[in-house]
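Shared between the two complexes below is chain A, which has chain B as its partner in the first and chain C in the second.
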Partner chain A sequence: MTTPATYGQDIPAPPPPPSLWRAQLAGVVRLEARKTLLGSRVLPLLLLAGLPLGLLLLLAIVPLPSEIRQGIDGVALFAGIYRVFFLRIAIFVGCLVVFIQLFRGDLMERSLHYYFLCPIRRELLMAGKFLVGLASTGVILGISTAGSYVLAVLPFAAGRPGFGDLLGQAVAYTATTLLGCLGYGALFMLAGLYVRNPVVPAMALFLWELLNPFLFSLLRKISVIYYLQSMLPVHLSEGPFAILSDLVSPWLAVPGLLLVAGLALALSAWRIRNLEITYANE
Partner chain B sequence: MAVYEHTYRRYEGPLTSPGRRWAVIPRYALRSLFASRLLLAFYVLCLVPPLLGALVLYLRFYSSSLAAFGLDLRSFLTIDEMFFAVQLISQGALAFFLTVVIAPAMISADLRNEALPLYLSRPMTRPGYLSGKAVVLVLLLSGITWVPILGLWLIQTYLEEGWAARFAWLPLNLLIASGVWIAVLCLLGLAVSVWVKWKTLARLGLFAYFFVSAAIAALVDVIFGRISQTPWSDSLSLFTSVRVVWRALLHRPPAGGLPTWAGALSLVVLCALCAWLLDRKLRAYEVVK
Partner chain C sequence: MSGPVLRPAVEADRPRDDSIVFENVSRFYGEVLGINRVNLILGPGITGLVGPNGSGKSTLMNLVTGLLRPTQGRVRVLGLSTDQPEVLFRRVGYCSQFDGFPKGLTGYQFLYAFLRVHGFGHGDAERLAWRAIDRVGLRDAAGRKVAAYSKGMRQRIKLAQALAHEPRVLVLDEPLNGLDPMARAEVLALLEELRQAGCSVLLSSHILHELDVLSDRVVLLDSGYIVAEGEVEGVRDEMEEHPLQILIRCDRPELVAAAIFEHPESVGAQLHRDRRGLVVSTRDADRFHLLLNRIVVDRGLDIERVEPADADVHALYEYLIGATGELR
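Then we have the complex of A and B:
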């Protein structure tokens, strides 16, 4: 015959809040990581990240005339690749696809209320989802950046600096990618929480970032790409119509981006605290 | 009538002729689209550039009256293929935005709600269904592209004697240029609508495709540009391919090094790919794993 368990004797008391929060956060991260990394959401991100790697691998192995191969400056080549592809498209679109869907995807699939029914702080839910988005975009695009740098620089001897400089540049490019994921990710998660149709803000932000080189100095500073450009180890011309403007020091760019991301996350946290789900409006 | 007498009976009313059955889809689709005031406002806004163009033509014709105010438009504004190229570009851009707004929702809603078997169980074929959806886009895009632009050509022909003889080739080429863009947008929009069931994501995908294709072309050019003098990678960019074809049709000197045939071939390949994607996905049934 068994005696019924009484609270406080047989059942252990709940852990104190910080460890409970850690456990809950880990649970959200595990669940979201499965949804994000094993689902179709990550496919566009993988395609974007894999494209420069594949093309650079092709360039490295394809038999080229020796005068062409010797004339390739790997550092300048990667600087061009980073500017036209990573900075303008890959980071933006990759973050857009992943972060917009963190909440908007659940709303569309009508599954967000399952999270809200759990005894978990909503801010914790938001933090877990954001961490998964940041980790997935940061790791995939970071590996793509570092791998592309290696594939662009190592096979070509022209203009190659010393090992220390190469490592420094690789770290700087990868850090820029990670900060880009943080900045754009926070903004897109905010858009996904506030706007029912995030296409319009995404289009507007994309066009704003695209036109950044042609804006006046003051307007250029109201963007993410301006601060990311400040962190690049190699600067290229933005074209004949670009307006010359001083780039901000990386010591200011990094805290500036962190501040913007923090502000966006705080607004997201406030929003999710007061969010009421009405699937009929979706 | 007693309830037990409500049994199945064959429909005995008048039947729509098979050739006109596809027209049911655009009729209802247009009605539901224009129920949105926002879309209606945007559509009206799309007609502002041609209206401004018509105003310019009118003011230029009456510039002798304006000369008294020191404003002689004839001296610095020539109405030639360049004027119509500007109109084509502005209307083409607006047509793209209109497609981003309306195309992704056209088929995805039917697929998401599993309504396609209901359509196709009626006497309507897959091509008929697809034609009905495409006609909606063609009508809406025509209304802001070649129709107002040819209207401008007619206005200028009416205003300036002898002008039409010099630019008699222009209407057909403008029609072809608009037609190419409309065909690309229709097929691309419908293909995205079929493959991406979430409307918002489909819109983002369609919008992103335009810029991602240009970025991929630039990436390939950066990496392989030094191997060939001809920028073949530009054919990957939708923007560049369309620009090359339009410039050739409007007798403008080619910009960049991509040959016109390569741009046209790239558009044909894109349209064929979209048609294949539509054919592959648009079925009356779906296997869910």
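Then we have the complex of A and C:
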């Protein structure tokens, strides 16, 4: 072990912000991407993303009588799959497993203090972690959404619109998935900062989102699914008791969702700024 | 543990920009006391934190590094608030007691990744990571996953992480834990070199004799309170209720024992079993040394050595914390 006389003498001065912030953000993103994409937390996400692709691929290649194949409305088929599987399960659970672990995972493995011992603004740390979560879920579930749409619509002729409409729908579904990751991601990261056991807030949010179509107009707006449903290119009935009449236009849905996500991120930033490290009972 | 807090008056009592300053700091965990009303100024050099389990050592260190915030009072490090991590951790490094690591990283990747989070570019991060790895003697194991490291290697890589950006203030919570004797000696040598480089090192250890050799000053904690702080000998001199013990190795210890009892400053003497020395208890060390000089000259004694027998951290611990404290 050696400590040369130059100790502390040749440490380069940090660049001024915003160059420093960019470098630090890249450092966080690099480390978090490694932990997220090379760790076990990506496996449920890959499974959720791969499930519809696999099933729809099977449906596309399995030999069906031509009258049945001609009778399947691929657009309606995908609308149903998207509403039931993607909106309710894949995006929700995918974001749950990735985002709730961003801080909770580090607290559990007692390694969050290494970040806190770096000369980085904690809000920047939060931004870096969130970006990695968003990129992971957005890319994987976005590819799954677009791929599933292609596999659901192209093999079946009935009700198929023109190419321009098909492309528009594919883009709308994919964008809805990305915004879903943004909204649920922000909420789950917040939950991971406040709650030790993620099952409780996850179940509560799941129930809240499930009951959303049946809530009063004002309460419906305090959710993610409300805005996501408003952005869907094809609307299906939620059931005889659902209140569908007050869905907003995508022009209002996007800012509404951004507002919900922004609020959750602001609360997370406040929390992370004031978070203490004790690891007690983690 | 009772009695007043012993604080030898020293010039360093004035806060400076190279100091760690606690101003009336208390920290509670709910209703449980962490530390209470701590006032402390620690300048450059090595400060040893001593105390039993739960005495508040780790709380004190976590407060210095901003991982905890005071319930009351204020902590400043080099004139900086601990609420400013973006500035503070350019100058402060912390080897904590927490034994967790990010999964899947090798020792080198661990250091490199967090140096990039500091904002260093690739080349600088690489250079600093290897330099820190060399400092703690882990080059051969740098390519192995941290998860596969032994306790001592994990301790060393944590030390490397605290040192990698070459901070002026180092806070080291039990850095010698789990180290084999060779590695322990190397870390002690490293700390000595850091002291010579002008760093402030705040160090806790349960290995008291090593703290004794290394520390410029000690802070003794018990149940969240500072029991004593200052240079070891200065603190010892203040403890009037415990006479200073002086070891004398000489050829005729009985003669010394008989001679010193004629003088009131000596309150006791105990001969060694080997009859080649004795331990004298005195309330006035200066007068005793003058007396001893006279005895040596008058009686022609052959003195091998004279040294304090209880002016060390272990003795302070025994006297001030004693049986109530369980050594870590």
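The criterion applied here is as follows: the second predicted complex is superposed on the first by the 267 of 282 C-alpha atoms of A that agree within 3 Å, B and C clash if a C-alpha of one lies under 4 Å from a C-alpha of the other, contacts with A are read in each partner's own complex, and residues count from 1 in each chain.
The working rule: a residue touches a chain if its C-beta (ideal position, glycine included) is under 8 Å from a C-beta of that chain, and two chains touch if they have at least 3 such contacts.
On a predicted model such as this, the values are computed, not experimentally measured, just so you know.
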Fit or clash - chain C, chain B, common chain A: fit
Cα-centre angle that chain B and chain C span when viewed from chain A, reported as a multiple of 10 degrees: 80
Chain B versus chain C as contact partner of A:120, first or second or both or neither: second
Touching partner for A:64 - first (chain B), second (chain C), both, neither: first
Which of chain B and chain C A:276 touches, first, second, both or neither: second
Touching partner for A:202 - first (chain B), second (chain C), both, neither: first
Touching partner for A:31 - first (chain B), second (chain C), both, neither: second
First (chain B), second (chain C), both or neither touched by A:100: first
Which superposed partner A:51 touches (first chain B, second chain C, both, neither): first
Partner chain in contact with A:254 - chain B first, chain C second, else both or neither: neither
Partner with the higher number of touched chain A residues, chain C or chain B: C
Minimum distance between Cα atoms of chain B and chain C in the superposition (Å): 9
Sites on chain A touched by chain C in the complex: 1-3, 5, 7-8, 11-12, 14-15, 20, 23-24, 26-28, 30-31, 34-35, 38-39, 106, 109-111, 113-122, 274, 276-280
Interfacial residue positions of chain A with respect to chain B in the complex: 48, 51-52, 55-56, 59, 64, 68, 71-72, 77, 80-81, 84-85, 88-90, 93, 96-97, 100-101, 104-105, 108, 197-199, 202-203, 206, 210
Contact footprint of chain A on chain B as seen in their complex: 100, 198, 200-201, 203-204, 207-208, 211-212, 215-216, 218-220, 222-224, 226-227
Residue numbers on chain C that touch chain A, as the complex places them: 29, 62, 65-69, 85-90, 93-94, 96, 98-105, 113-114, 116-121, 124, 128, 134-137, 161-162, 165-168, 186-187, 189-190, 193-194, 197, 199
